[in-house]
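The block underneath contains the structure these notes are about, expressed in structure tokens.
Labels run A, B, C and D following the written order; every chain starts at residue 1.
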């Protein structure tokens, strides 16, 4: 795959600044690495060629859902599932409509998720990607429903599924109990999907927290995470109140999760597609030589 | 001494007045029986007024009331000596914040589990304030597997403010444990009845909340986030829990309207903590009726019924 | 159940002295508690009335398999399965035949296991008991085969099963690889038994170690253990060489296993039968009210 | 420098002699080609003599030889770049003493796992000398579940002196983990091939040893107890491992005779560590043939075949 132009379709949006503390130098040409102990200015074109990974420290800049799909899928093969689900405001929650409008304007997305199908290294797969830049990628009714429907589509097509989480927001507060129930809905949908016998792969990107980590993002057959991604049940603020043990340096990161056996691999962005392609290829290979079918 | 919530103060005042009058009478004072009768009328009127007009925030207080019956009290009340508590996740430890085992309720064998809170300081620490660790959910999964094997119905009692988020629980995969517990529960082919008895606190609650029939006590709450946390995010002020409680629609009535809860179990006047025996028996009746209904379904129907139920949850336009 | 005479059928054999360090005072009337920090002399008749539990310190004296069956089963209901399996010497192992003869003479048993069925609090159940006093209750071909057959009998009869381990010897060295394979055989037999949907209960008594703990003794739906029972993968001697962490006071005991979530309850001998009876009664109850049958 | 076992010394001596002669010739000395040819004949004769008459104790040394190919080398040799290693038990940690993942071997997709040893000190410590902790067996169980879900055959490579028995492994249930791993393996409805490549050390080995077809390398050993431990019990002298090795009948031939192992994979002259590529390719051929045969069986037949196989193991009179 020619990597030079892979980002061209998604240019213009620089994504969120996940760890920003350093001052940003506004520039069309340069972007500063937000890693505190780095802070290097990166030539934007080069950064995009490097898949938005800092060439000095390896910091993985956030990707939008579209960028993520371009990263993972074979060029030109993505076909979005148009479920046409429109976000409601079932609780009449204070400021929810305005918040949605703001994020829609900012991101150009209608919701925090994109779903569809395409090829990965030549193997057909379904894919869902949640996008941190839309309301922290939080899971509401539409996000949960989209995942459930995509799982049902994938099961019917006997296709493997890739679930990419950029869901730092967990279950979305603004839809109250209905967001919480999406945890159960997506877990149940995965349980049903698994009966079809196809591979599920979860990719945890920065951030993946709360109700999303505690549902579909932890239930893949294989779980990969990008280096340095924040991955945890609760965010720092909430937890600070209740901590008695001193947390380790890498607490609630991909590396911490790996050390504790929760994820299969911490995979740099440059190797992500290839790793997934190998997994899909093995799991989708003609199994007749190996197996009697049920 | 009983804990008195702020909105209960008028009731508490009248009760003390009645007590004073009774003591007066008992000590051979003047006949105040008329005054007592009047005060008792007042009490009923004030109680009815207060408890039929509780704000969501009042309900949060009620749901958290430490005198409410807790899971082991429900089990003791319903299963008596038949209950055999099982312990341990067979992996790492035993989490006292989720209890469970085999029990016979109204002559029906069941697997029952739920969050466990306590009242005294030592007990509350032992129970980790009802906040379950990974081992708790993994013990619940063990019990679900046993229910599936023995073809026994599952009864899950929810009462937790949140799952434990200590360093240890993160390290041992609290997220994975909650996710796997929901996953397992979704795949059971036996009847599953869930009852929110007190606090239905976010992921910690839904972790054992995937049932065919979901009931909720009248003054219980069920929420995606604690109101204080919600207020802190919305208004940068965690003292505005009362406003957030309204916004979150976390009462039993709200939960029914949102299509999440199927049935509300009424509490005695003044709440479950006033008449534990009565509310336990109400819970038993409702549970028995629910299991009677579900027993008509085949394993595949139970699986599909539960799946369709949760599959429908959520609001969006198409 | 009248407890006074429950031991009369099994009198005469005082069992092994598990922890003996103190001198024994030979006496027909008294037995000394082998618990080092106790050492009290117990009037034998009283000790038997107390189910062979020291009235001062609670030390659980070992029971023979026959005593165990008398303890757990309703009086007069035990019916032994006569599989008539005779121990072989497939390896021609040094001293094995002599060792077997010695233990046969000492215990009056042919092998380290008794199997059969009976009632527990009125509920029908199959039962296997391994006896520490016969070659440390170690598992050889006959022990493994007896457990597998009993599981098959129980599955066919749709009866719950109680597996009592007094297997301090783990897999029996003298039959080499064949003993090791009994671990797999019994695990496989339990896997198959579980498909019948009946309850299995394991009771761990002093000692339960090695290949037995690492197979059938850890696979019951419910696992109970007697207080103070030594329960562990390896014995002290082997482990001493490799330990770097300092073991806790109660390392490799029933209580240690309980603390770490491996067993359901530490149950004093006096409550064992009642606990099992309740479990069997619940699991065997007419489930028609509760369940549609598959 | 290569490790030289005591019984290999005569071979080593002749090899050094040949090397000396060759160096002499290379430096322009007298023509010693006849002497070299003779020495090479000697070498073959001595090698054949030694390796066809290894004592059980020699085989124990061979099986433990640190230059033997280890699990990841077999996988790399057979699966090449297709192998994706998976990590973690999703409960507590990742155990480097058991490795595994998805792989394609001769175009056939499989789940493969096995004990992992290492050669250098750091690597050996990292791999805990191939002694698996509970997390290793639980990772294997995860992989078995994945094989069952994806309908892929399972390949298990055994090479461990024993399971880990540290305080931590006892605390986290090494016994439970081994038992559950055998239990899960027994219940698989996909083909399972087991290969003892080096040390088949007691519970640590059988924990991942429940297969439809069980193969063993010519110089591998499979035993209920390490010979030294056996000697310590029998004769209170752990230096008599050689005697105990005879008594335990732990060679590949013994294991076949006892009805435990189905097939012996021959090693190159001098052992697997002399020609790793050759032995890996032999293992591949035997594995492929075994999976070809097993692929004819239905899921239920595979389950029954494995059950009957282990059900038959054991010797007794009736």
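In this section, a contact is a pair of C-beta atoms (placed from the backbone, for glycine too) under 8 Å apart; a residue touches a chain by one contact, two chains touch by 3 or more.
Everything numeric in this text was worked out from a predicted model, so none of it was measured.
Visitor: Touching chain A and chain C alike: which chains?
Guide: Expected: B, D.
Visitor: Looking at CA centres, what chain is most distant from chain A?
Guide: C
Visitor: Round to the nearest whole Å and give the separation of the Cα centres of chain B and chain D.
Guide: A distance of 54 Å separates the two centres.
Visitor: Taking each chain's centre as its mean C-alpha position, how far apart are chain B and chain C in Å?
Guide: Roughly 40 Å, centre to centre.
Visitor: Would you kindly tell me how far, in whole Å, the mean C-alpha position of chain D lies from that of chain C?
Guide: Comparing mean C-alpha positions, chain D is 34 Å from chain C.
Visitor: What parts of chain D, by residue number, touch at least two of the other chains?
Guide: Each of 90-92, 172-173, 176, 180 in chain D touches at least two other chains.
Visitor: Which positions in chain A touch two or more other chains at once?
Guide: Chain A, residues with two or more chain partners: 218, 260-262.
Visitor: Using the contact rule from the top, write out all pairs of chains that touch.
Guide: A-B, A-D, B-C, B-D, C-D
Visitor: Which positions of chain B touch chain C when the two form their complex?
Guide: Residues 81-82, 84-94, 102-104, 107-110, 135, 139, 146, 149-153, 189-191, 291-292, 295-299, 301-302.
Visitor: Note which residues of chain B are touching chain A in the complex, please.
Guide: Residues of chain B touching chain A: 163, 165-176, 178-180, 182-184, 186-187, 202-203, 205-207, 209-210, 222-225, 229-230, 233-234, 247-250, 254-255, 258, 260, 306-307, 310-311, 313-318.
Visitor: Going by the contact rule at the top, pick out the chain C residues touching chain D in the complex.
Guide: Those in contact with chain D are residues 83-88, 90-91, 93-95, 140-142, 144-145, 148, 171-173, 175-185, 187-192, 210-211, 213-219, 232-234, 238-239, 242-248, 251-252, 256, 260-262.
Visitor: If we count contacts the way the header does, which residues on chain B are in touch with chain D in the complex?
Guide: Residues of chain B touching chain D: 90-92, 134, 138, 172-173, 176, 180.
Visitor: For chain A, which residues count as touching chain D in their complex?
Guide: Within the complex, chain A contacts chain D at residues 194, 197-199, 218, 221-222, 258-265, 275, 278-279, 281-283, 285, 287, 289-294.
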